[in-house]
Amino acid sequence: MFRIALKIESGLRYVGWLVLLICFAFFNSPVRAAATDVFAGQVGSLRISGGTAHIPVMKEVAKLIMEAHPDIRISVAGGGSGLGIKQVGEGLVDIGNSGRKPTDNEMQKYGLVLHRWALDGVAVIVHRDNRVQVLTRSRLQDIYSGRLRNWRDLGGVDKEITVFTRDQGSGTRKVFWKKALRKEVTTNKALVVASNGAMKSGVAHNPYAIGYVSIGFLDKSLAAVALDGVMPSLETVQNGEYPVVRGLYSNTKGEVQGLTKSFIDFLFSPSGRKIISDKGLIPAAR
Amino acid sequence: MKRSVRVGRPLVLAATAVGSLLTLAIFAFMMMLGRPLFSDHSLNLLLTQAWAPDRGLYGIFPFICGTLSLVGLSLLIAFPLSLGNAILIHLLAPRRLARFLHQTIKLMTGVPTVVYGFVGIFFLVPLIREWFFRGSGMCILSASLLLAMLISPTMILVFLESFAAIPTAHIRALEALGGTRRQKLVHVILPGAKTGIITGLLLALGRALGDTMIALMVAGNATAAPESVLDSVRTLTAHIALVMAADFDSMEFKTIFACGIILYLWTALLTLSLRYIHYNSTKLSHDQTF
Amino acid sequence: MTRLFDLLLYAFTWLCGLILVGAFGTLVVFLLINGLLALDFELIFGSTAIGDALFLKRVVIDGLLPAIVGTCLLIIIALGTALPLGLGAGIYLAEYAGKISKSFFSLIFDLLAGVPSIVIGLFGFSLTLYLHKHFTSIMPCLLISGLALGLLVLPYLIRSTQTALEELPTTLRLTAAALGADQAATLRFVLLPQAVSGIFSGIILAIGRAAEDTAVIMLTGVVATAGIPRSLFSNYEALPFYIYYTASQFRNQQELQRGFGAALILLILCALLFTLAGLVRKKVSKRLMAK
Amino acid sequence: MSKFLLSHPVTFYEGINACFIIDLDMKKIIETENLSFYYGKRQILDHISVGFREHAISAITGPSGSGKSTFLMTINRLWEELNGAKMSGRVSIFLDHEKLDIYDRGVSLSWLRRKVGMVFQIPNPLPMSIYKNLVLPLQMAGFKKKEYLRSKVETVLKQAFLWSEVKDRLPDDARTLSGGQQQRLCIARAMILEPAILLLDEPTSSLDEKAAREIETLLFSLKKHCSLLMVSHDQAQVKRVADEVLELVDGRISELFTTPSSIRSTKSGIGHFRP
């Protein structure tokens, strides 16, 4: 008898928990960010791919929207600018990001519409313990071409330089190659990574590494290198002192509409601009 | 009942046919999509040139070298390691320890390769970087060590199976002659397990050739052909994974189909040689019994 | 001389054992140290309330839930398509095939078993591109990945079905035949029920393989952020890709911790599956021995 | 012990194309004509022509390797499940006194094997419950009704003197039974399809004396339900149970004789030879 009572009691406890859980699920309604109200009532999915410098902003915006509106699904993939342009052109994604302006050829072929929502710089980075934190562009060329192999020659420790570079489709690579390396060919001994994020963590965890990332990825875990005496930062990029700058683009095929339009519009809204500057980039006007 | 006879056979035959067609379709598709490579560029250039898209060179020679050196080194590490472990478990270790080792190795076959890669990046790479004067730690050596860990369990299990398959009569005969454990090993077990050892080696080779994640995460993916074990390399598999994320109308994108075809052919060759060895050994044992 | 050889042999083999177990131990301990602390509800559900997440009321962004769900869905699709094919082909090879067709088809399936997973992923990807040209709505997605993974695990299923049937004692077949069973009835009433645990161990191995593989899904539609997929045609997240992605893209210590947690979860999951498969196999062979 | 007198050889031909008929009035159940059998290149049976009586226990004896078991397998065509075997000649069975060539194209294997049951040397219950073992042949033949299956199980278990021993443990694994019980179970399993002929391949050789005797008694009682053809190398057993005996040596007929008991029961024991 006692045993049965015990069983019932524990059973009840179960039910209690379940009820609590369900209440929790249904009444704990999310605090809706007013900024995403334009998405209210919209359903469907949005596919985004391409440039990896865009990812932190894209993820944050997607998170904000999806949390407030569970009926909307936004997927964010990397792949690089080249892939982004190609995929949006082929209709594989709704928004293709690129860290460079699509070429005229690309724009014509696919009928792309560009949305430049941020200004960005490409910063040279080293490990934060590295003593070498100032370089001239010709020194940088020496390092990336493989003519200069040891940090000792630059006043650093006696260790081989590990050169990081990006894959062929990267917009960051293209901008860096054109504006920082002045089209110097990169050594084929360089380690190749596939995204800004990978470049950042690769350099941050290797005391003898050098690489380059979007300034949005700069933080205390690594050291930015002053190029020709100019430290890469929001100000120097904005006032044009820092030489390696570019726009961040979100490209669509034809004029935007529906969910895609709302998403792009959000990037230019005050809350969108806030996210962009929170992520270390300079919001651009339409 | 009657109906199940009539339906059953065509049904399973259809399943077999679909499975086989898919297998062949893999090859056909890669040939189809990689065709421009064979017509525009001579195959020779593709296989011997360096990789420098900036200069219009789309050779995958460095990646072939990278793959072979990585796989070669990992086999060089894994083979003695596996043989030693197999001998230890089969012959030398006390029973309980042997069972423990055996279980551990079986468990190791289940470790996902991405986990090896993950631990490699955060544990092995910094170690290698500090131990050696040069290099970034993301190199052939680090990747081979991990790859050796990945393929050893497979090899050990095949070795053990072939050790166990040696007729006890042969071993008893040697024991009756007063043979020591070492003599048993040298005169009976190793010669008797020759086919099994080669089989294990080839299986492990196939596994190492086909692995993507360890090379992709740990070997550094540099596009130069390697000169030392501390150099960073890109394997054919990693090349596919990396360039896949590039613009797919370009010449470089098409090279990944060449990589795919090469990998397919290599593994097919391995499968065929395994067949051949197996066929020969069964024929041999057949001849012996009659 | 002999002594020395013996000594060297002992030293060498023990060293080998030590190295391998040591390496594996290091791996496990390293993951445990770094990942154990991360293992909690927040790892899986992120900042979303558990109830909301489970009832799909809110999207889990900072947790592993979408990745875990994605991996489970992949397994279901892969097994759902590969199982009928694998069982059918395995039964055909074991029971119906003639000598020549048997050796032909087993060669083909051996080839398939040898194909690297990235090549299978490439096949899935190029198939998608090809289909996309004709039907624009087809893109890399959950369904494509699941199908490609199905192709990856197909040889495991075929082989295990075939061996499970072939290693059944001949007396079983003779007995059934003597009782008036034709081939189909023998299969349905006697052989398959007997082979079921052997086949089951193959299925578990296939699940482990599908859960673990990264290369295939990397090429066929997995992404870093997608939430729990709504349809078969959407992008998705998966556990092994999450680990790969975190390894190179983590932005802070918290994300790295989650990566360790995910690696630990995947390791435990696969180890469990492989152990289970081993136990089932053991039971089978024991039973057959008893017979 | 000597319940039967020593048998007398009726015919003994070093023979080719010999057809033996024990009794012209006798009702035959099985007849073979020029039956030869090859396994690979080896000849197992060499032009055997012989007939067996209805509702009797016919025994086949001979040294090991003389082709006894093979002979048995030609009668339910079980040899066709083995690889590398070849057969020539004719084998017929008589159902309702109508002769039927069992190698005729129209004969379905499943049907034949339901009509010609078989019990093996080593008891071979399938690895499933006792009940499942018994109903399996019926299920495979397409019977589904639960009550019918149950009643049939009870009937055959009673026929096989096994009912009282196993009626409470039908769901148990059949392999938990003793050897003798297992063999009786197998006989019951074969009988559940109500065969006209029951083939027995040394059914008692793996059992102890006591279990063997039980089986023998069982076989006696089964004579009224069907005709039994049994391979046995145990001469004493043959004397105890067989109504007629065929002795094979090297695939040929060495002796064919009827035992006194059957002479009594069939009036005439004279064999006739027809070239």
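Order of writing sets the labels: A, B, C and D. Residues in every chain begin at 1.
Definition applied: contacts are C-beta pairs under 8 Å (C-beta built on N, C-alpha and C of every residue); 3 or more make two chains touch, one makes a residue touch a chain.
Keep in mind it's a predicted model, so treat the numbers as computed, not measured.
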Shared chain contacts [subunit B and subunit D, defined touch]: C
Relative to subunit A, chain with the most remote C-alpha centre: D
Chain with minimal offset from the mean of all protein Cα atoms: C
Cα-centroid distance, subunit C relative to subunit D, in whole angstrom: 51
CA centroid of subunit A to CA centroid of subunit C, Å: 32
Subunit A-subunit B separation of Cα centroids, rounded to whole Å: 36
Mean-CA-position distance for subunit C and subunit B (Å): 18
Sites on subunit B at which at least two other chains make contact: 1, 248
Where subunit D touches two or more other chains at once, by residue number: 140-141
Contacts with two or more other chains, residues of subunit A listed in rising order: 78, 193-194
Subunit C - residues contacting subunit A, complex: 48-52, 54-59, 61, 132, 136, 139-140, 223-227, 229-230, 234-235, 248-251
List of subunit A residues in touch with subunit C within their complex: 21-22, 24-26, 28, 30, 45, 47, 49, 55-56, 59, 62-63, 66-67, 70, 73-78, 90-93, 193-195, 197-198, 200-202, 217
Touching residues (chain side subunit B, partner subunit C) in the complex: 1, 4-5, 8-9, 11-16, 18-20, 22-26, 29-30, 33, 80-85, 87-89, 92-93, 101, 104-119, 121-123, 149, 152, 180, 182, 185, 206, 209-213, 216-217, 237, 240-241, 244, 248, 256-257, 260, 263-264, 267-268, 270-271, 274-275
Contacting residues of subunit B [partner subunit A, same complex]: 50-55, 62, 126, 129, 133-138, 220-224, 231-232, 234, 242-243, 245-250, 252
Subunit D to subunit C touching residues, read off their complex: 76, 78, 81, 109-114, 117-118, 120, 122, 124, 126-128, 136-137, 139-141, 175, 189-190, 193
